[in-house]
Each structure stands twice: as C-alpha cells, then as structure tokens.
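The following pair of complexes shares a single chain, subunit A, combined with subunit B in the former and subunit C in the latter.
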Partner chain A sequence: MSVDVTMPRATAPAILPGSGGMRGALSDLFWRRPQLLLLLMLLPPVLWLGIVYIGSLFALLAQSFFSIDEYSGLINRQFTLKTYGDLLQAANLDIILRTVTMAALVTLASAIVAFPIAYYAARYARGRWKALFYLGVMLPLWSSYLVKIYAWKLILAKEGILTWLLAKLHLLWVLDAWLSLPVVGGNSLSVSFTGTFIVFVYVWLPFMILPVQAALERVPGNLVEASSDLGASPGQTFRNVLFPLALPGIVAGSIFTFSLTLGDYIIPQIIGTSRLFIGQAVYSQQGTAGNIPLAAAFTVVPIVIMGFYLWGARRMGAFDAL
Partner chain B sequence: MTSAVSFQKVSRHFGSVRAVDAVDLDIAPGEFFAMLGPSGSGKTTCLRLIAGFEQPTAGSISIFGERAEGVPPYRRNVNTVFQDYALFPHLNVLDNVAYGLMVKGVGKAERHKAAEEALSLVRLPGYGARRPGQLSGGQRQRVALARALVNQPKVLLLDEPLGALDLKLRENMQEELKSLQKALGITFVFVTHDQGEALSMADRVAVFNDGRIMQIGTPEDIYQRPRTRFVADFVGSSNVLPPDFVQRYSGQHRWGSLRPESIRVGRAASGEGVAARLVSTNYLGATTRLALDADGLKLHAVVPAGTVLPAEGEAVMLTFNREHLHLMDEPA
Partner chain C sequence: MRSDRGQSAPLGLKIAAACGLLFLHLPILLIFVYAFTTEEKSFVWPPPGLTTQWFAVTWNRPDVWEALSLSVRVAAISTALALVLGTLCAAAVSRTKFFGRETISLLVILPIALPGIITGIALRSAFSLADIPFSFWTIVLGHATFCVVVVYNNAVARFRRTSGSMIEASMDLGADGFQTFRHVVLPNIATALLAGGMLAFALSFDEVIVTTFTAGQQQTVPIWMLEELIRPRQRPVTNVVAMVVVLVTLLPILFAYYLTRDGDQIAGSGK
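Right after this comes the complex of A and B.
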C-alpha cells in the first residue's frame, strides 16, 4: 500500500538562518545563557526590595536604639537601650497586650468564619458559582477601606441599622446585656472593643478565605473518601485529614489577619474606645509626640511577635503538608 | 450460601447518564472477582456502590446478607485500594496503615504493632517511618494494600490498583495479589480495563459495557465462549465474523468469533480456505500480529515469531479449525 506523506520542500534548509538584528542576537544569547535572562529579570525587584523596602526597615529599627532628649525633644544619635526601657512601662505593655489579644481573637474568628466558605468554594462551587465566590470575596477589597469603616460605624451606631433590626426582632435586650459587660461593652457597639473586633474580622476576612480555599483545593477528594472508607466518621475525617492538610492555608491566612491587625491604626481610631492599639501608639509617638525612637521600638514589637508566631507554627508542624 | 456482595437490579444514574443500569450480580465469599470493561462502562461506579461512596438510584445492594443502601462508607466493613492509592501525605507510612485502627480507637502500641505486621505482609517491613512521598509507585501501592488489609475487611475493593505500575512490576504484583488473596481468604473485587489482568487473576470476570454487564463467567468462558460481539472484541480482541460468513462454515446464520491465534496463514492457492490479502505485519516479540483483508472483511491473526511470512500486500490463504469458530448468542 502506498503511504501518502507530505514531503518537506526540497529547498528548505535543515537549519534556519538567524532572524538577524539586535532582537535575533539577544534571543539567541538568552537561549544559550538562561541565567542571564533570569538575572536581568530579577535585578530591578531585588534592588527595590533590598534597598527601598528592607533598607528603610533597617533604618527604622536603627532609630529604636537612639533616644530622645526629654527637654529639647531632639534625638540623641547614640546607641542606647533606654527607649526599650520606656517601651516596657506598664501603660505601653497594656497597649501591646491589648493589640495582641485583639489580633489573636480576630485571627481565630476569621479562621472559623472562613473555613466553611473556603470549603464550599473548594469542594462544591463550580463554574458560575465559583466566579460568584471570587467576586463576593474580592469585591469588598476593591472599595475604599475608609468608606467601609465609616459604613460600619453607621451600622454599629446607637441609631444604626443593627440596633433598629434587633429592636424589630425584640432582641435589643441581648445587645444591651452584651454592652453592659466590662471590657467588651460600651455605650454602643461603635465605641466598644466588640465593634473594633467585628470590623477587623470583616475587613481581613478575604485574606483568610483565599489561602484556606487554595489549601483545600489542593487536598485530593479521594483522601476524604479514603478516610471514610477506613472507618472515620465525618468529624474524624475533618480532624485527622482535612484540618491538618488545610493548616498551611490557615497559617498563611492567619499571618495576614494577625499582622494586619497588629499594625492597623485606622480601625481602632474610628470604631472603638479611646484606648490605644500599637498602630495608634506608633502614629501618635512619631507624629504628635515626635518621639521617633519610641515609635520605632513599637514597630519592632509586631515583627518580634510574628517571628515567634511563625517559629511556633513551624514547630507545631503547620508547614509539614506543604 | 450468602453472597459476599449481591446486586439486585441496581441502577445509578447521574442526570440522564445511566452509569450503572439494572445490574444483577452475585459475588461468592472468598472469590477473586474482576470487573472488566472500557472506561465509562460503569465498573468503577459499581465498586463505589459497594464501598458506599455512591448510593443506588434504584435496586438493592447487600453485603454478606445485610442491606447496604443508605449505609455510609465508614459503617461498612469493606475497604478500598484506590487507583492512585490516596495515601495521606501528612502521615508517615506506619500511621497511614494504622489509620483505620486509630479511628476505631485502638491504642497506639497495639495499632502500630498491627500496622507493622501488615507492612510485613506486603513485604515492606521497616518502612513505617517514611513519608508516602518518599516511596516509589510500587511501594505506595503496597502501603495502600496494607492500609486496607489491616482492618481485616469482609470485602476488599481494588480500583485499577496496578494501572500506574510499569509492566514488570505489574506482573509481579498480579502474582502477589493472587497468592495474598488465597492466603487470606478475603473476597477481592477488582476493577480493571486490562483484559489480560482480569483473565490471569480472577476466579470470575464480569464484562461491563454502557452500564450493563455483558457476560459473567470464568476467564475461560469469557475468552473462549464470548456471548456478544462486544465481549469477543474487547476480551482478547477476537475476530468478529458476520452471520453470512459464519453460515458458510457452520451452516448457522449467527454472529461468530474466531481468536487471532486460531487462524493459520498459508500461501495463496494452497488448497481451500479463505482467500485474503496480507495488509501489514506487526512484530510483538514472542508473536507477530497480522492484519488481513478477506474481500473487505478485516481480520487479525497472531502467529509465533519466526514464522515465514509472505510480503505485505501479497495474497494469502487463511485456514482454521472449524471447532474454533465460536457461535455467539447475540441475534444476527
């Protein structure tokens, strides 16, 4: 039987000529030396990160080892630990403790709220519903942060919609009982720590949902089936398979929610009590008080806390499933 | 005697797709049962129905006499070896194998001892501390087997367990699975699309197509006496002969099947036979496969390597023993 094969044109050369010019020469050079291309691509971002980003951070840290002259208000550029001594005063420790507690609670609540949403998106949502999920999670990120916070102030205010809604439902007594509690309570939700907490959870939630969803997406569905097949109830499957495999995502999300809460100074200023958080302390120390060294020392606190946090997460095996 | 697994008119429909359609099936205790069929034929869905991952749309399933509809997988004393093994990546091999005992509340020392024994059974002693990611495909397959067997299931389900292994390893594992099943006496239900695997390992084979069982029988039955054109073609790619052709040789107007190895190829004009043309030859090592054209009817023959063959395109004469021509039940 004759086989019909399209023959290459007899005139075509085996090796094509270079396309010529600068571009052709560059293409050939980069093909032969791929490291060169990589170097050229990485150089600008590395310079940016190394000098502008890390460099300014170190400049800031260096400031924390200077001190302020209490009479003249001038900065004494000599190495001292005096500023760190000031940082450990009871009032400042209060600020640190308050901020860390808030960050921890916000992180925990975000994880609890985010998990079912992320689970649904990773396991069940397909096509149109998945698009809707991404839109729903991302949409709040597209609008101004300040607008959202002021909107929440109106929602949580004594004359706001939440109070109105609870009154209609004859549940106002629940709100009043909550607001009469010490620490978490206050005159209205918008001037209480509870209000600060609610808005923090709202604003940072997408940063928890997305990494958890990505982690759950990577868990093959047949692991859940295998667990069930081996006799594990749905609760046991969650504890022994789903949760450990989602943990890297939860930790990644918690790094966002925890560190963003540690550093934020706008939410507690607009919604909450007059007691300061770390971000506000930094803001007032470097602004009104002009005490740059103490402000710098305050910014070291979240960095150190995050360092310990990551170290602890690693030791607990949070990254084992990566 | 109670069947290990019994299907009565079981259907599983996904929307308009009839993945499994009115299947009747009885698997005897201690049997090595294979479900054979092309992809999408419903064999894996049947396995998932036994495991409990799927629930039947209609019909009833019982496992050792007990009704299984609505019973979740974790309450069935049935274990599965998954196609891609589904080992837990965050647990080491020992904890993977001990998982079933762990969720049943067996103490740590006891379950680790049992897991170690199961690993010895699949010839992986001392591998407990490794992570699944550090094992080869064949080793993972054995771990998956140990993880299922440690629970001493009433029925062990295997979903194409050898599909991802290379040929040599697959042949070894076939023998091992077979001897393991004999030694343990557990009912094995094995899903495969590889007819050679099904024929060499199983006590009985069910051939699936389009959500239905085409034929159930011993490997010999299935291979020698296919009942439909599909079975003849799928199992061992037999030559399916049209009724008019069959009538000339058997006197009956029925579909027939003729195994490729039953056809002898001789020179043209060497006595009586079927005149044909040799289209192409395909060297397979131990045998050579010939594509033939007998006046428009495409046939295949398999001859031992070393047979002197005419050149491609030449006329040949085909002969076969009449008793090798099998008449099928399928209506003409």
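Right after this comes the complex of A and C.
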C-alpha cells in the first residue's frame, strides 16, 4: 500500500467532506444496501458463465439427443436415443476402453514419477532450492503445450536423439525388441502407443507434482520421527505413514491427469497410431463426418466418467488437497 | 517445525528427483538447439550444422506475423474481460457469505476442470444452433470463459489476505465507496491482478484445443503450429516459431511468480 507522503499535512482535514452528487448518492446506496452491490458484482460473471458456458453445455447435451439422417447427412432435430445406440457399437466401445486404459496407465506412471520430485521439494528443499524446484515444475507446466509435443516429436523420431543415444550406448536392440511387441510397438516410437503414453505422462506430470507436494508439506515431521522411534524401517514408515497421508494429493493430481488424458485429441493425433481415442473420435465426428449428435454423445462419456471419478475423489478427501 | 531439518536426503531420492526434473526440462531445451539446425527435411540428431538463417526466413513470413497478431489481440481482449469478470466474482465471493456461494466457485472452475474438447465442442454446437458465424469474437468468447478462473484464483487468494478492517478504517475516515476502492482496495490487490492477468494472457496465447472449435478458418499461433505439425511445410520455420513461443510464454510466468512469491498462494500453481 502506498501512502501519499507529499500531501501537505496542515491543510488536509482529518475527515474529508462527502463527495456529494451522483457519485456520493451511489456510494451511499451501496453502503446502505450491500445486497445490491453484491448483486451488481455477481451479475456480469454469472451471466457470462451461465449464458456462454452452461448454455453451451446444454446446447451440446441437446445435440446428443438429435440424430443424423444417414442418407442426406442432415441433422434431424427430434428427440431420439438412436445416437446413444450408435455409441454402443463395438468400434466405439473399443475407443472408449482404449482411452480409459491409457488414462489409467498415464495416471499411474505420473504418480510414480511425480512422487520423488514432490517428496524432495516438500521435505528436503530449503530456501533457494525450494524456489528452484517450484519454478522447475511451474515452467514446464506453463510452457506451450504444442511446443512440448513438438519437442517429443523431435526426440522420438526415427532419426532423432533417442535413437542416436541408444546407438551410442549399443542398446538399439532393446528399442527394436520393444517396437516389435504387438500392441505397444510400431514402426518407430513416434507412431506407437508407447510414444503416446510417454508424451501424455510428460505433458501432465506437473499437474500431479503440485498437489502431491502440497499434501506432503502438510505431513508433520514428528509423525515420521515417531514412526521410526517406534521401530519402523524407512520402508514401513513410507507404507504406513507417509503414503496414506499423501494419498489425497495423489488422488487430486490424478483428477487432472485422468481428465486431461480422456479429453485430449492432439497428442494421439501427432504422436501415435491411427487407432482413435475419444477426443479424436469427437473431433472427426464433428468435423469430417459432420455427425455432431454422435460427437456430442461421445463427449458425454468423459463427463460421466469424470462425474464418478470426482464423486469418488471427494469421498477420499482429495478436494482438501487441491 | 520440521524434525528432519538439516538431514540430507537419501541418495536414491536425490537421483530420482533429479531425473524427474531433467525429464521435465531437457525436451524444452532441445527446441533451442533445433532452431539453429541446417537440416531442412528431417529431425536428424545431431544437427549437421548450425545456422541463424531461419530466423531471417521466419521474420519475412507474413503468415507467421498474421497468426502472431491475431493471438496477441485475442489474448489481450480475453485477458481484459477475464480481469473484470474474475475480480468481480472474487470480490463478491470473498467479501460476503451468501446462498449459492459454493455453486459460483464451481461455475468458475468448471471450464477448466472439464476437458477442453468439451468446452470447445459445446461452444461450437451453441454457435451452430444460434447461427453465429465464426469470427474474432467467437475465439475471444471461448478464451475469456476459461481465463476467468486464473484471475479469480489469484484475486480470491489476495482478498483472503487483505483484512476487512482497512476498508472499514477508510470508510470511517470519510472516504466513499469509490475512494475506498481506488485508494485502499485497488493498491492491495493490484499485484495479484497483474499476476492473474499475466497468467491469463499466457493461457490464452497458448490455447489450442478450444480454439480449433471456435476459430473457423482463422489462425492463431498455436493453430498455425498444429497445422505445421500435421502437414509440415517448412520445418526450420516451425523450429524457430517454437523457440519464440517458449520465450514469449516464459516471461509472463516468471513475472507473475515474482509478483506473488511472498504470498500464501503463489500464482500459477493451478492451470
């Protein structure tokens, strides 16, 4: 707060005169009727979000109950459940299952990679190092999403740095053996599920680190000490004391990694196979296929999954860790 | 008070944490090397030679400048809108308790909690139902909606730290509501708003998922990049643009961190 020190003290009265006029009347009105001020403050954001966002969500939901005429390609604006029937075709169920599996694996891997970083930052890093760790997580979090994907395209390309590194280490046979595996392999890493998986983990990792770190920072150090005083080995302390207390943080982070993986369509499109994920299915249905009802029905899947996920996370106390 | 203060971490933990941080940073550093490579057709490593000629080539590309100009204009206007809406909402929520307060916090967070593709396609289907043609303003509409939450988070954290007695003192000394806002409230929340604005700008500048649904034929920088990733035309130009984008987003984040580093909640911990 700045204080105006140049103001001549002698001439300034202790109490300023009322400003009067329209402005004064308005100010007095707000003072007497705080509810009115509250209403005026809330109206713009609530109207904006209510009309633009919630309105759009309802428009989307409404579309999922329309259907497409298969011969003319026109949208038939009449209530029907036919589109949801189409959603349950085997090919579409495949897409949903593939996406959910990927989201679960990405979440698990992010938790494993994030934990040591969060643990170190929360319990050992001090002063300058603490700030460094914080920025070290924040900068990748806010770096451009597309640039991060592009960087991995450079890394995973057949002629890229990873192949070069493995060749130098005489480990190219490991890569070839991995790529020859049925589901996770492919022509090169940049066109395989393994590549998609690595990029997902990379891009969402900071979203996992921050809540886990926050949860670990709240664990009092004397709990850990008490545990070892009572004869627990470091492994037992981790399993029975630290991990249960960090779990809400992990669940909070998993909300992001899971939800973001469910909805992403750019990463699997740029680094991955030609087999679709939910996001890509939505994108191609609304774009090239012009089947907006089916695209809308597809988006209901992640909404429902996330609804259940959030409900479960809330029961585990994950929202306190956010 | 931590009992493990002064103890050093086990070696395994140190290595795991260091590897994790390297994993986060090395890919971004790689972008800087590739911006100087002489190779045009592939992503070959190590670069056969280094050159700065692609900076000049990129400088003379009108499509890059058009995308940049559109991105900056969209981000500026979305940030301005988000600042107004987010601050109003934060002031209302943090100053008073009223019915439906929790619902309003949820409403603000929802656009960023649900996957971007849902926001995107929802806006698109609303535009198509209401027969709104794609324009500059349809992009802004989407961006402002999810930028509100960043400003809101920063402002709410600051309002929580600002004590209400200062406002009462100002009123006791005869200032009217507007004077109190101008001389007491605003100086207190200014840095939080600036930080929120920076983050909102960075968020909007980088957004691609919602934008693909609301832009029609227009190209923002991320859409230009996405186009180049799917159908590459001149890879070295993409490399240079990628490097510039990293630098452009880095500055507002560092500045926002600097502005709020003493607070109980540092800007940018939620995206």
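The working rule: the second predicted complex is superposed on the first by the 257 of 322 C-alpha atoms of A that agree within 3 Å, B and C clash if a C-alpha of one lies under 4 Å from a C-alpha of the other, contacts with A are read in each partner's own complex, and residues count from 1 in each chain.
What we mean here is this: a residue touches a chain if its C-beta (ideal position, glycine included) is under 8 Å from a C-beta of that chain, and two chains touch if they have at least 3 such contacts.
Only a predicted model underlies this, so the values are computations on that prediction, with no experimental measurement involved.
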Check your understanding: Is A:282 contacted by the first partner subunit B, the second partner subunit C, both or neither?
Key -> second
Check your understanding: Now for A:169: first (subunit B), second (subunit C), both, or neither, which partner does it touch?
Key -> neither
Exercise for review: Report for A:230: first if it touches subunit B alone, second if subunit C alone, otherwise both or neither.
Suggested key: first
Practice item. Determine, under the contact definition given at the top, whether A:270 touches first (subunit B), second (subunit C), both, or neither. Key: second
Practice item. Name the contact category of A:27: first (subunit B only), second (subunit C only), both, or neither. Key: second
**Study point:** Contacts of A:245 with subunit B and subunit C, given as first, second, both or neither
**Key:** first
Exercise for review: Classify the contacts of A:90 with the two partner chains as first (subunit B alone), second (subunit C alone), both, or neither.
Suggested key: neither
Point to revise | Touched partner set for A:304, first subunit B, second subunit C, both or neither | key: neither
Review point. On subunit A, which partner's contacts cover more residues, subunit B's or subunit C's?
Key: C
Revision key, fill the gap. Where subunit B and subunit C land on the same part of subunit A: residues 1, 222, 225
Practice item. Provide the residue numbers of subunit A that touch subunit B in the complex, in ascending order. Key: 1, 220, 222-223, 225-233, 236, 240-241, 244-245, 320-321
Check your understanding: Mind pulling up the subunit C residues that touch subunit A in the complex?
Key -> 1-5, 7-10, 13-14, 16-17, 20-21, 23-25, 27-28, 30-31, 34, 42-46, 84-86, 88-89, 91-92, 95-96, 98, 104, 107-108, 110-111, 113-119, 121-126, 128-129, 141, 144-145, 148, 171, 173-179, 184, 187-188, 199, 202, 206, 208-209, 212-213, 222, 225-226, 229-230, 238, 242, 245-246, 249-250, 253-254, 257, 261, 266, 268-271
**Study point:** For the subunit B and subunit A complex, residues of the former touching the latter
**Key:** 51-53, 72-74, 78-80, 82, 84, 86-90, 99-100, 102-104, 147-148, 151, 279-280, 312-313
Review point. Okay, in this complex, where on subunit A does subunit C touch?
Key: 1-2, 14-19, 23-24, 26-28, 30-31, 34, 37-38, 41-42, 44-46, 48-50, 52-57, 59-60, 62-63, 113-114, 116-117, 119-121, 123-124, 126, 131, 133-155, 157, 159-161, 163-164, 202, 205-207, 210, 221-222, 224-225, 234, 255, 259-260, 262-266, 269-270, 279, 282-283, 286, 292, 295-296, 299, 302-303, 306, 322
